[in-house]
Structure formats: structure tokens, C-alpha cells
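In the two complexes that follow, chain A is the common piece, with chain B as its partner first and chain C second.
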Partner chain A sequence: MAQIEIKDLHKSFKDDAVLKGLSLNIEKGEIVTLFGPSGTGKTVLLRLLAGIYAPDAGTIGLRGRDAAGSPPDKRGIGMAFQNFALFPHMTARDNIASALTARKTETGEIARKVEAVAQLLKISHVLEHSPRELSNGQKQRTALARALVADPDILLLDDPLRNVDAKLRYEMRLELPVLLKRARSTVLYVTQDFKEAMALGDRIAVLLDGEIAQCDTPERIYAEPVSIGVARLFGDPTLNLVEVEPRLVDGAPEILVGGATIRLPASYAAAAGGRYTLGLRPESLRLVDAPASGTIAVDLVAVTPLNEKSVLLCTMDGGDELLASEAGDRDVPRRTGPGRVALDLDAVLLFDRASGRRFAPADNNGVGL
Partner chain B sequence: MSASLSIQDVDKIYHPRGRSAVHAVKSLSMDVERGEIVALLGSSGCGKTSTLRMIAGFEDVSAGTIALANRRIERLAPAARNVAMAFEGYSLYPPLTVRENIAFALKRGRLSAGDVARRVQEMAALVEIESILDRYPNSISGGQQQRASLARALVRDADLYVLDEPMGQLEPQLRAVLRGRLKRLLKDRVMTSIFVTHDQTEANALADRIAVMEGGVLQQFANQHDLKEKPANLYVATFIGEPPMNVFDAAVVHNDDRTTFQLDNVPSFGFGDNELGPEVRQAIGHRRKVVIGIRPHRVALGSGCGETARVISNQWLGDQSHVAMAVAGKLLVAVSHVRVRAAIGEAVPYGVRAQDLHIFDSDTTVALAHGVRAA
Partner chain C sequence: MDRSSIVERVLRALLLTVIVIFFLFPIVWILLMSFQTNEQILRIPPSLSFVPTLDNYRALISGHLLTSAGSLDIAFMRNLGNSVLLSTCAVVLALILGVPAAYAFARFKFWLSEDIAFTLLSFRFAPPLLVLLPLSLYFQDLGLVDTYVGLIWVYQLIALPLILWIVRGYFEDISPDIENAYRIAGHSWLRTFFKIAVPLAGPGIAAAGLLSFIFCWNNFVFALILASADKQPVTVGALAFVTASGIQYGQVASAIVLSVTPTLLLALYAQRWLVEGLSLGAVKG
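Right after this comes the complex of A and B.
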């Protein structure tokens, strides 16, 4: 029995259908990141779980029981939000303790628990400060401490790192999963940042068009996205898309990319005759010197460094653009001008142009997971 | 034809006679070469936007000079400086369509109607706003307005292009491609440009050189390679680079032919003189305490490395592994472009090579040495 069991959930606001039959199961102790573009209803789902909204249809099971009719304060769920929502007139200590005083916990016990969670989140030294004396990072930790202090077995976090600076966000991205695992909570974590979704989640639930398009481990979502819509949400820069029409030549599937003939693995034979969009992750493209078969002639237009990578903007014959990325620093900087691009055929993604769904190659050996 | 820009001893003090005087820019001197792309980078309040506004003419300088194409411009009105601008506050004219807004920037030139149309079209294609050329500014999104404003600046022939957070509001998918196209355009046409950003990714991607500012002071003005390999001080070292540089307080122990950096009890990193070199030892001098820094991409993992540490987290981001380890009561982050298979709690061997070490003065935070060279 899953700790959170969401079945066929529908929610509309006036004529705007936000959730259209959403289903998702989260196991006990699991961290699931809920990820999708803004406006797809991530926060709406959180509010439905918390009991702030009631669904139009569908069911929510919490710890094996139907939550329908159960008010927010009876659901035993901890929450933290991107705007922190701290009480401005209370110290950090009282803000954290407020989650316990509401439950009539004994005073000594409250003090002990607040100290413990503050130490975990490294805010012990600012417990007597009021929210306006705290930095954004400290506010965020205080809000998180308030959510954690009552030992909720279910925790909903709504983009809690959104409003903290990049450096702290990075640190928290490393530390948060450790804290959450230690607290043994079942966590649904909303984010708009694919790196955060990949870094924090045991699984990622991708919310698109009112449904969970895919819920899977970060590795599988990245390597085997179910659709072009999911694939495009991951990667920096995101994947290149090229329209192709595979055909069989001497029994082997081939595609034409930028004037070059690329032979696909035999497992793509069934795609022949169809209309597809080829998805190429920038890191699966390599600039090569020697013209070899299966490489694409390009003009390297610009080199833009990106965090220990270089992003190479290339144009193919016909003017279509390709972004390739290279790891690490080169001793000799790349010069713009004519070159050739080779593809890592194991990382190729093929999407049906009509449905957007990924073509599953006949055997999965190439994907290697 | 673009020109070179020279900023000499420029100060900006807001409310100089008031009690709340703010010294936003302090004695700033920097030269931008003809055709160079320069980024002003820093967190909010560092003085970068004040600098840009003084160059554009939206703010007076409190002291100092600004010269463009060898003529002093700091007292000229914005329109007399021959500077093309894309500013957040410098909005599109509401009664004109996007097309008319961009074309308007060319009106003062003596171009034929056909040439104007061609150039507008070219810039519109570059920033992907062809489909909204006949719309009015208030009917398009913030990101589209930003691109229209960028096109309006780039379409002109100016001595200098001044851009304020040129891609701040664009969606990430478009940003990566636009950066490449913009860089190509600026380089092909030798357009001297200076832009402000708080995003180091943007600065790294576009600029030839980056001016890092903090507290109104220019901290370092250098290319990406030097900012990464030879940061002038601890501020630049930890500000530039994603994830940020790992830094630790260390006690220095010199033995006969060996220098050891002792972190909070454990671990310690020892280097023979043959590794670190006499230059570095001299730079450290008699200091008994320093700050050492190691970039996450330079932390070596795997057998054969000197120390071991417990893995706190191991995150795979699709094309990089980020591994955080517990070292001296802090986190040491290692980044690898190949997938690292290490479980949480596992003890993993790691090491630091002499050439990847950065050493800073504990008090002044000024860099003492980078790798085997004195700073």
C-alpha cells in the first residue's frame, strides 16, 4: 500500500481544467519531485493533498485511507512554501515551535525538538531573531524547520528553494535529501528546476497537461523520456530536434540529417516509413576533425562557455541549428568555421511526429540502464 | 563602425550631501577594446547597473571620465553619445508596432525603405520575433518585449552597444541558441558591447572579458579562463564557477621539503617542494594560516587518491555527477562528467593535486598562489 495514492484526480477552476485524471502513487519514505512548467497545476495538486481544495472527481488515499472529507489540520501533513510564510511578529524559535504548540506538546519536549531541528538545519544561532532579521536562506531553513519539527510522515514542499540565492540553493540541493531521508518522511517536492528535480528525487513525476506524463527515476526520465514533451524539459541546453523520415537501405534503418546519411542501430528498423522527430542531446554530439561516414557537415557559428562545458552553436546545410556541448576546458579554444559533427547513436531519441511519443527500439541494449 | 571605450577613475555617489550618501561605484577604471564584448557581473547592489547607466548617460558621473571613440562623453546627453541601448526601463514606444519600433531606431540614418525593411527583418529573425512584428508592445509578453528591445538596439550602427540583462526573461530553450547567434553577430560586425548581468552563465557564454564587481569596486577584469584559474581574491574565487569553489581554513606546516595544509583536525594535504614549488612556498611566507580552495571539477575521485571521505550525496544531472563528501566539518563537492557510482555513506578516496590548489590570505582574502605559481 502506497503512503500517498492519488487516483484519477480532476480539478477545474471555472472552465479551466487544471488536473485531468491525474494518478500517482508515492511509497513510504520516498522523495518524489513534482516537476513541470509553470501553470501546469503543481501547486493545485499540493493543495488538494493538503485538503485546502476538494477534488471535482477522483480519490486521494493517505496511509491507506481515503482522505475525502478530512480537514487540513487532521491530515497530519507538514508543508513549506516558496514564500516562507513565517509569522512576522514571532522569533524563529517561536515560528518553529508553532507547529508543536498547536498540538499541545509539553514545553520541555517542544524546546528539545526545536533545538534538534535547528541544529540539523544550522540555524541554532539565529533562533531568537525575528523573520525580518533573517537572510532569505535562514528564512527558508526556518520554514523548513517548522515543517519538519512535528515529525510529519508526509511532507509537501512547494518550491522551497525558489527565493534563495544560487549559492545557498546549490548547498541545499546537496543537503536537503540527506535531511529528508533522516526525517524518514514521505515527500512530494514541487520544483520548476530540472536539476533540482533530478538531484532531489528518488523519482520524478512530470506534470504535463493535467496528467503525470511520466514518473520514473531521474536516470530513466533523462535517457528514456516517454515523449518529446518530457524530453524537452530536461537538459541544459535542452535537446536538439530534427525532423526525419527513417527508411530501410539494405535492411538497415537510415535517416537524413543535415544532408548526411546516418545509419541507426538495427533496433530502429520498425521506424522505417514513419515520420519522426529526432532528439539529440547536446552532450551526445561531438565535433570531429576527419570527415567520416555518418558525420554531419556543419558551420561552427559560435562557442559559448557554460559551467565547465562549452556549448557549440552549429548550422547544418539548409540552415537548421544544432547545439553540441563539450565537457571540460580545451587547451586550444575551438575556432569557428566548417567542421563535422558525430552522433552518439546510443543516445539517439526518436519521437513519433504525430503523437510525440518516443519510439521504443526493439531491444534496449543501447540504452544501458 | 564601433569604437573603444575608456572609463577612468569614475565614481558614483548618490545623495552626496545627504546623510544617506551611497557610494555606488568607487574609482572605476577599465578599458574596452574595439569589437570586444564585456560583461559587468555581480550581485544586486554591486554597482554594475550604475556603471552601465553612466555609460549610457542615464546617470551623471560624480567624478572621472568616460571616453568613447576618443571623445569625452560623460557630460553628453544619451542621444548625443552614439550608443545603442537595450534597457529594461528604456521601453518600446507604445503607439508604434514592434516593426516600427525597430525601424524607428534607423530613422536618423540615410537608408532606403528597402534597406530598413531588410535590416529589421534580419534582426527580427535573429531574436525570433518575426511573427509579432505587427503587434503593439502592450499586447506581447515580457520576454517578447525584451527581444524586441534587443533587436531595436542591435539594428543600429553605433559606437557602442549597451545591454541591460539582455536575456533575463527568456525561456532557457531559446536562451542557449540566442546566445550563440548574438555572439556571432557581435563578432562578425565588430560591435563593441558592454552588458550587465547577475548571471555568470550569461557572462561566461557571451563575453570576451568579465568585470566582476562587488561593493562598488571592480574586483577583477579578466577572461573566463583567468577568472577561473587565477581569481584575484576569495570573493571572485567563490563567486565565479558553478558549483562554487570548495574553500577551507587551513593551518600551514612547513617541514624540510614539504608543505602541509592541515584542515580542521583532519584531513591534511601535504605537498613536496618538487610538487608545489619554491614560488608558492615563498608566497605563503611565514603565514601559519591560509584559506585553500579547490574547484569541484578538479577534485580527483577514485583509488590512488590520498584521502578518503564519506559520501553525503551523489546526484546525477544527466551529464554530470555531483558528489558531496564530509570533509573537516564541511562539504567538499566533486563534479565529474562521467557517472560516479558511490552510495551515500560510502567512504570514497579523493585527492587534490598541487596544480589545482588555490591559496588565499586568511585576513585580506587576496590570492597568494594558484597551483604551482604565485598569484
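Right after this comes the complex of A and C.
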């Protein structure tokens, strides 16, 4: 039985339907990142789980029991809010301890646990400060400590890194997985940052249009997104989209991209005759020197070096733009001008133009990152 | 520190002095009057030089008013006590009723909630005299005329809407997430109300309480119609200073000084609760 079992959840506010039949199972000890663009109801889902809102329809099972009607204080959940929601009239210590005082813990035990979690999160020196006197990073750690201190077996984290500066976010992105693994809780982590989602989650649940569009490991979500909508959410720069109409030539599927004929693997044969959108990850495109067959003639317009990689903006025949990225350690030409681009056929994504769903090649074994 | 010129500083000090004198003059004048006899007050031209006397205070506290027409018994100290009792009880009751109600109106949208809140506010619009006639008839039937309970009840017309609407605004300013966080930490709804909502709305509750105390203290008509001599507050009791031999200005002045003192002390005490910005920095954005 899953630790968190969400079935066909509906929730609307006035006429605005936010969740439309959302289902999701999370196993015990698993870290799932809930990812989606802003306004898709990630926070609403967390609040439904915490018992702050009641669902219009559908069920939420916690630890194998139906949570309907159970108030927030009886759910035994730890939660960190995006806006921290610290108690302004209490010191950081009392803020953290608030999760223990309700559970009738001994005073000595409370002090010990607060000290321990404060040490873990490096806020021991500010425990006597009021929230007003804390920096954003310290506030965020205090809020996290408050959620962690009672060792809840279910932890809901609502974009805790949203309001902290870039340096701290980077640090926390490294620290959090260790911390969460140590807590051994079942974690649902909301984020709007695909890198965070991929770095932290055992699985990523992609929330789109009030439903979980896909819930899978970060690798599979990236390599085998179910739809064009999911694919576009991951990757920086985002994937290139080119409209193509595959056809069979001598029994092999071929597409026309920027004037160049590209032969797809045989597993794409079934796509022939349909109208598709080709998705090309920027890192699957390579600048090549030799004008070999299956390469696209482009005009390299701009090169943006970003330390660990360079982003290349190219235009194809007909004016369509292509973004390619090359790892920074390679010798990337800084010169613009005409060139050729080859694509990694293993990383090609083909989406049905009408439904947006990914075309699954007949033989799926060869697809990897 | 900017180096403002001497002229500027002198002008600023002068202006402040003028403003302070303008606002404090009546109060200072009354304070001076309270230490003068009627004859000293009424002499023409008025003069600031006089031999201070405590006769006015003595007369008020002992309850014997000495006029040129003879001695008169007044119950000023009893009136003062009534004022303290009535205003305090009325405000305490209004806080007990009003704060939870304000919380309900701020946090929950229930059927007719806005209409009920507005109806309660509209009690403040109605001229008291309009309500008084039917009210005194009902009070007679209920046996509430000339009782402390009856007066405290009527005072709710003054105190309750004020507390309800001021405190509601403060509750609305508290991010619900702060309360949600406390609930999720495992605390009951009631505990959250007392440990989070009430302390955070503290400045608002103090301000509303103080304001309604002042309004109750200054009320005149309700007590005039609904209470007899031994239940009357100072505002009504002050009528006794209009005597057959004229108005006793000295005693009126000292009565004002005495009746202002409790409210002034309360305001000074409550000042430290009136600090704003307690919730600053709790919630981002």
C-alpha cells in the first residue's frame, strides 16, 4: 500500500477548476518532486494533502487510511511553506519547537531535538532571534527545521527554495537530498525549477492542466516525455520544435528538416504519412565541419558562452531557428556564419501534431539519455 | 545627520511650540481652573496669578458641594466609580464577544456573513436618541432599567461594532498560512486562535479596546435616560454642577481633571501594546 494515495482528486475555486481528476501514488520513503508551471495547482495539491483545503471530489489516502475529515493537526504531516509562514511573535527556537509542544514531548527532549535539527541546518547561532531578525536563508532553514523536527513520516515541501538567493539555492540543492534521505520520510517536494526537480526527486510528477501528465524517474521524463507539453518544461535552453511529415523511402522513414533529408531509425516506420512535430534537444545537436549526408545547413547567428556550455543560435533554410548547445570544454567556434548541424538520432522526439503525444518508436530499447 | 541651519531649527521649534500650545491650551486652562475658586475664575480680566486651592477637589471627594446658596450633596466619586465599572465591564464583554466574532468574519465566509457584519456596524450609524425610546420601554418590561447589567448591555451598541470591525481588519492582515503552519504542527483550532491569531492581532485588539473604552466613558444619553442617580456615570453626574446659584466652574474643572485621569492612564498603559509591525518579516512577499 502506498504511503500517499491520491485518487481522482478534484478541486475548484469558484468557477476555476484547478485539479481535474488528479491521481498519484507515492511509496514509503520515496522523494517525489511535483513539478509544473506556476498556477497549475501544485500548492493546492499540497494543501489538500495537509488538510487545509477539502477536496470537491476524490480521495486522499495517507498511510493506507482515508484522510477525509481528518483535520490538519491530526494528519501527522510536516510541511514547509513557500512563504515560510514563521510565527513572528516567537523566537526561531519556539518556532521550531512548536511542532513538538503539541505532541506532549518532554521539555528536555524538545530542547535536545531543536538543537539537533538546528545544528543540521546550521542555524544554532540564531535560535534566540525572532523571524524579523533572520535573513531569508535563515528563515527558510528555520521553516525547514520546523517541518523536520518532529520526524514526520510524510513531509510536504512547498517550493522552499523559491524565496532564497541563487547562491543559497545552489547550496541547498546539494544539501537537501542528503537531508531528506536522512529523514527517511516520504517527501512530496513542489518546485517550479526543472533542475531542482531533477536533482531532488526519485520520481518527478509533472502537473499539467490539473492532472499528473507523467510521473517517472528524471531520466525517463527527460528522454521519453509523454507529450510535447512535458518535453517543453525540461531543458535549458528548451527543445527545438520543427514540423515534419515522415514518409517511407525504400522502406526507411525519412523526414525533411531545413532542406536536409534525415533518415530516422527503422523503429519510426509507423509514423510515416502522419503529421508530427520533431523535438530536438539543443544538446543533441552538434556542429560538424564536413557536409555529410543527414546534416542540416544552417547559418550560425550567435554564440553565447555560459561557462559550462555554449548556446548556439542558428537559422535553417526558410528562417526557422535552431538552438544548439555544446559542452564548454569542447572547442566551440566563436565565429558566426554558415555551418552544418548533425543530430543525434537516438535523442530524437516525435510528437503527434494533433494530440501532442509522443510517438513511441516500435523498438524502444535504444533510447537513453 | 543633516546640518540644517539655525534659523530652520529655531523655526521648527517655534512651530512645534505653537501647535502644542494650541492643542494643550484648553487642557492646561482646565487644570489651572481646577485649582481656583469660582470668583477667581470669573474675574475680569482673567489672570494667571492666583493662590491655588484644593477646595474643589476636597468638595468633590467628600461629596459636599459648597455654593453661595448653601451646601449641596453630590455623588461625584460614586459617579466616577460607576463610569469605571460600566466602561470596563462593557469593554471586557465586548472583547469577549467581539474578538471571536471578528475572527469568524475575517476567516470564514458563511451564509449572510457580510450582512451580519454590516448590520452590526450599522448600530454605529443610528442616532442613539432614535433607539432610546423603544429601548427604555423594553427595558422597563424586562426590569433592566436602572441596572448595571442593562447599561452594560446597551453599551455594547457602542463598543461591539467598533471592536468587531477594527479587530477584523487586523485578523485579515495575518497570513492564513501562519495559522495553517501551527495547525499542521499539531495544534488544535482553539489553541491556534489563542496562541497565534490573538497575539498577532494584539495591537489591533488593544487599539479597539482603548477606543471603545473612551467612547463608553464619554457616553451621555444612554445613561441619562436608562439610569437613576446611583448608577449614573460622571458624564451625567456632571449635570449636578449646574446649581441654583450658578455653574460651579472650579468644581467642573476639577471633575474633568479627575474623570480624564483614568482614560489617560489606560491610554498610557495601552500604548506599549499599540506597537505596529509585529508581523513584519514573518511572511515573505
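Going forward, the second predicted complex is superposed on the first by the 361 of 369 C-alpha atoms of A that agree within 3 Å, B and C clash if a C-alpha of one lies under 4 Å from a C-alpha of the other, contacts with A are read in each partner's own complex, and residues count from 1 in each chain.
The definition used in the following text is that a residue touches a chain if its C-beta (ideal position, glycine included) is under 8 Å from a C-beta of that chain, and two chains touch if they have at least 3 such contacts.
None of these values were measured; they are calculated from a predicted model.
When the two complexes are overlaid on their common chain A, residue A:Glu321 makes contact with chain B while staying clear of chain C.
Once the two complexes are laid over each other on the shared chain, residue contacts for A:Ser98 go to chain C alone; chain B is not touched. In the superposition on chain A, A:Asn25 makes contact with neither chain B nor chain C. By the touch criterion defined above, A:Gln192 lies against neither chain B nor chain C after alignment on the C-alpha atoms of chain A. Once the two complexes are overlaid on the shared chain, A:Pro237 sits against chain B while remaining clear of chain C.
For chain C in complex with chain A, the touching residues are 175, 177-178, 180-189, 191, 196, 199-200, 278-285.
The touching residues of chain B, when paired with chain A in their complex, are 43, 172-173, 175-177, 179-181, 183-184, 187, 201, 204-206, 224-225, 238, 241-244, 297, 312-313, 315-319, 322, 324, 331, 333, 335, 337, 344. The part of chain A that touches chain C in the complex is made up of residues 47, 50-52, 71-73, 75-79, 81-89, 98-99, 101-103, 130-134, 136, 139, 146, 150, 163.
Of all the residues in chain A, the ones that touch chain B in their complex are 165-167, 170-171, 173-175, 177-178, 181, 195, 198-200, 218-219, 222, 232, 234-238, 281, 283, 301-302, 304-309, 311-313, 321, 323, 325, 327-329, 336.
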